[in-house]
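These are the structures, in structure tokens.
There are two complexes below, and they share subunit A, which is joined by subunit B in the first and by subunit C in the second.
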Partner chain A sequence: MTLPTSVDNLNNGGAAPLLQVNGLSVSFRSEGGLVRPVRDVSFEIGKGETVGLVGESGSGKSVLSFALMGLLPPHNSRIDGGEVLMDGRDLSRLRRRAMSKLRGRDISMIFQEPMTSLNPVYTIGNQIEEVFRNHTSMGKKERRERAIDLLERVGVPRAPEIMASYPHQLSGGMRQRVMIVMAIALKPRLLIADEPTTALDVTVQAQILRLIGRLAEEDGMAVILISHNLGVIARVCQRVMVMYAGQLVEVAPAAELYRHPRHPYTRHLFECIPRIGMGGHRLNYIEGSVPHPGDELPGCRFAPRCREADEGCLEREPELAALSEGRASRCLKEGGAGFASGD
Partner chain B sequence: MLLEIDGLKKYFPVPGSKKTVKAVDGVSFSLEGGESFGLVGESGCGKSTVARTVMHLCRPTDGRILMEGRDVTRLSKKGRRDFLRQAQMVFQDPYASLNPRRTVFRTLVEPLDIYGLGTRKERERRVMELLELVGLDARYAKRYPHEFSGGQRQRVGIARALALNPKLVILDEAVSALDVSIQSQILNLLIDLRQGLGLTYLFISHDLSVIEYLCDKVGVMYLGRLVEFGSSGDVFQDSRHPYTKALLQAIPSLDPEDRGEPPLLPGEAASTASSAGGCPFAPRCAYAAGRCHEEAPALREVGAGHSASCHFL
Partner chain C sequence: MAKYIFKRILQIIPVVLGITIIVFFLIRLIPGDPALALLGTDATPEELARTRARLGLDKSYLVQLALYLRDIFTLNFGESIVQHKPVMEIIGSSFPATLELAVAAIIVSLVVAVPLGVLSAVKQNSWADYVSMFFAQLGTSMPVFWIGLLLILAFSLKLQWLPSFGRGEPLAEAVGALFATGSAAPLLDSLRRLLLPAVSLGVMGAALISRMIRSTMLEVLDSDYVRTARAKGTREGKVVLKHAFRNALLPVVTTVGLQFGSLLGGAIVTETVFAWPGIGRVIVTAIFQRDFPLVQGGVICVAVAFATLNLLVDLLYAVINPKLRA
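Now for the complex of A and B:
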């Protein structure tokens, strides 16, 4: 059974979206059977739009980003349904060769730990130039010049010297800048940044977030910023999608989400975050833990942990329903007309 | 005073050279019984090395550690054994610090066995008591670490640290790997345990908000030294050192309209080793002047129980 998709055009403008994801579902074969980390996810990203995807571990946010990039492991995972449309093409059905041509050129990704995404045995220069070698016909000299320009643009000091060094010789922040250079080298229209600052110190995090925001603005590049940290998302994003147990549960313009979260999960999350100046005020927490991606629940997937849930929430599955322009929430109590499973 | 750290230094040799890394370079502070002291700073500032030195996991290069007035800096094997009954540690990653092939029962009973405490029956009872204390069901005793969620594993890590009824618990990034919804559960548990058992905490973290939530007193470390020290209220509401201010400003606000574009702290601590003799923060400091590059400022009192090390105070 597929869920009815009642929310269209959740982007903030009427223009044709850059990326349109419709009813995307991903399943993995695991020892315990089939698990479904991404369940019927639909959204749009406008050109040049910065969108945050927030969720705790187990929410499916990273699997979703891998699915968008065509990087799901082929031996044990598959896209069960839905489509990922860019320029009228369904990326989820592209062959590997076509997808790898598109990666870097149209969509790029940066990850949490730049050390594991950089090759330890090649110099930084070599790895940046490889992007141009693979995707362009640039000559050696031009490749090198472009690489140095880009390093300088992202605030790497002594760029020519850094070109000759190896990843282990750089700090975490510098490595992440190098990853950003490789990701934006071909001027992609969409950058997916998956927890890009989680391994970094807070002062370096602030530098990298400002850099991502600046690059998006200067190049008109759209960004999907994935993070478990609502503060990080607030610094960069115009719009926010909240993901829980494989589903989008709330979508809203950033300012509205932070001022007036509509889904109980989003509200619960905010109450868990310690803030400076709260002193003495006791934090709330969310009972229990995220359901396993293999668990099938008859009702709302958040209901077992929700302080606002009643019996109906355990029986009827809410849909992601539009609340107002650009806002949607998946909650029976917020007007999310539900349907009993089996309807 | 329960714990006094006096002029602690820990230098590590750099392999293949005559240089040393001054991980901890003259740190002094003290904890009264029942207090919760937070040590905060960015990676490489030496905060974990302070914890490891107190726990005798590495030997200090210089300085003294006193527990209830007694010098415990260098201990014999037996002395260390006695010391560890009073001081225990909780680590960041409970998955890495719990033996995957042992049930929770065996993990929790081990310290009691080692110290030969009680009869077998009494030890069993104590394990059940510990589980209840950290909010885990008694039936979890027979389970293995992989059967638990991250939050539950950290509860086991805390229970193990409490097994011997220590006075001092050192928590090294104990909630940093947890999701916020779980993190807040563990923070509340730590507050309850401290009140209920009269524990003293040395809480190490890079997260200032977590430190403010849990701690009465705070020390801010930068490149091996304390740069500011005081009550939570003083350090967070009336911070005096430019580094503390910069750290606080770097925390992303939960208000998307408050992108106030604060002045960014440039560079990174590890890559900006100061010239010999100057203030360690000078290379990144917006206010640094001639004197800052030549002479390291000492910690100076700026209010009752509030000190900071900056020439411009």
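Now for the complex of A and C:
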């Protein structure tokens, strides 16, 4: 399949992008056979840009981010095709050693579960300093000072004391701050935040989001913020990518997406957000569920759940087609050219 | 921490007391009479009665128990009926032999199990994994005495590299001799004699422990914090050894502790096959000879050793896992 050339310029300007993903596909071997959680995904991230990646559970967001980080489990998964370009290098083809030199230095990641993402048997200080040990030649004293500075920068009180404590002695919010410190310690150019606030209290969620936004701005760091929560994305991101069943289905500047979603799936998602003052209205939901990543459908992968679908949608697979500057949608009804399967 | 250790040491006392009482009654409940065992079936009833009185066995069980407990509080374990030597002396010479063998066997187990277990977890489903787990399966299925016999056949009889039975100088003394006289010969002899029994005892442990390490390593390697370590750019070797292995150690320590504990009870079969003068053989012989004081003393010694070992395992847990330090 050739890449739709029309989406080549979906980034925020004409400047050379920081990260360029072209036709990336990932497959997993599972007991039920081969599944494809990420299918032919292409996008660009500009320098210092904050981009949201939205989708339901099982849409392939996390697998996509692990693929970018080179963290897919090697024994049962692989990148089937496509490339992940950064500085002209294809990260998906880097050797393990070379990739681990990039991780934590140029690309970092924060995970969903702060409670289990820190190693229970080492002190916080040890784990933060490890980033410096991995990538710099800093001395012991300097590592410690830098770690304390960073903890203070993300608003951790009594930083020297926290350095000596173990993960189980900290709250979820504190642990996520420690994760953030490890991720930003070396001012990476790209931070992938995979549902960084999902496991936290609502009040802490806002703090963590503001923190990530502030750090990104101060350090000129690009961020891919992954969430199933459109509200979270709206607060922070300039641009949004909507993912469904392994594919990007809509890409748009955040403000435009909220004002005028073009893909039916995005519209469905907005209807599912509860609002204060809805009165006695029932909250909407999308009927059915995300197709299993192993399911191969001849037509649009959202068609079986789509209110607006007709017979054509079940037969022809739409492309992600540019609608206007910086906007694209994968829907036949929105002018997506489409092609019959097997073409 | 000190308070915790003190509390745990205090807890050992009721355990040992309970075991003492149980052994005391058990050995008296099984049929057989020390006097008869001592004098043989030709003895007259008068002789038997006199011997029983001399041994204090004519008193009621409760009186005997009270007297025994009084004695052991002053660390007097009595005298062996058969060997006419203080029980403490017999245990003092046989328990170190068992300890030496047990430590050597555990070392053999760990030296084999740690690399095999880690390797097969890291290279899951590779040929290295299949080969190691095949040997682990084999190791758990082979009876210890049979491994011992095979080793003797191969290394003592065929190749004539190693002696087939007996213990050399106690290791501590052999090391002492090395420093005192500069002669390494006793130490080498002791180690050569230790090798075959230690290996045949260690095989089973190696098999159990390597399977344990494999499964806990697999679990830990899949954990969120290992992913975090990789995301920080930690090299894979360090991810495995620093981040995964230390966490995988916890359940392994339990298994090693249990394995070691069962070896302390005396590996009777191995001690018999290799004519190793350990406490297992002492206790079994004493049971057949109805040597009440020696059986009691031997079992108490093993119980104290086991309880101490459990304490050490718990302390080791706290060292490995900071959550348990309070």
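Methods note: the second predicted complex is superposed on the first by the 337 of 343 C-alpha atoms of A that agree within 3 Å, B and C clash if a C-alpha of one lies under 4 Å from a C-alpha of the other, contacts with A are read in each partner's own complex, and residues count from 1 in each chain.
Heads up, the rule we're going with is that a residue touches a chain if its C-beta (ideal position, glycine included) is under 8 Å from a C-beta of that chain, and two chains touch if they have at least 3 such contacts.
Quick caveat, the model's predicted, so the values are computed rather than measured.
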item: Subunit A as common anchor, with subunit B and subunit C clashing or fitting; value: fit
item: First, second, both or neither for A:Lys101, with subunit B first and subunit C second; value: second
item: Which of subunit B and subunit C A:Ala254 touches, first, second, both or neither; value: first
item: Partner chain in contact with A:His135 - subunit B first, subunit C second, else both or neither; value: second
item: Touched partner set for A:Tyr166, first subunit B, second subunit C, both or neither; value: second
item: More subunit A residues in contact [subunit B versus subunit C]; value: B
item: Partner chain(s) touched by A:Leu118 [first = subunit B, second = subunit C, both, neither]; value: second
item: Which of subunit B and subunit C A:Met182 touches, first, second, both or neither; value: second
item: Distance of closest approach, subunit C and subunit B, by C-alpha atoms in Å; value: 9
item: Footprint overlap on subunit A, comparing subunit B with subunit C; value: none
item: Subunit A residues within the subunit C interface of the complex; value: 69, 71, 73, 75, 96-97, 100-105, 108-109, 111, 113, 116-121, 130-131, 134-135, 166, 168, 179, 182-183
item: Touching residues (chain side subunit B, partner subunit A) in the complex; value: 42-43, 149-151, 179-185, 187-188, 191, 206-210, 212-213, 232-233, 236-237, 246-257, 259, 261-262, 264-266, 268-271
item: Residues of subunit C that touch subunit A when the two form their complex; value: 124-125, 222-236, 243, 246-247, 320-323
item: Touch list for subunit A against partner subunit B, complex; value: 56-57, 171-174, 201-207, 209-210, 228-232, 234-235, 237, 254-255, 258, 268-279, 282-286, 289
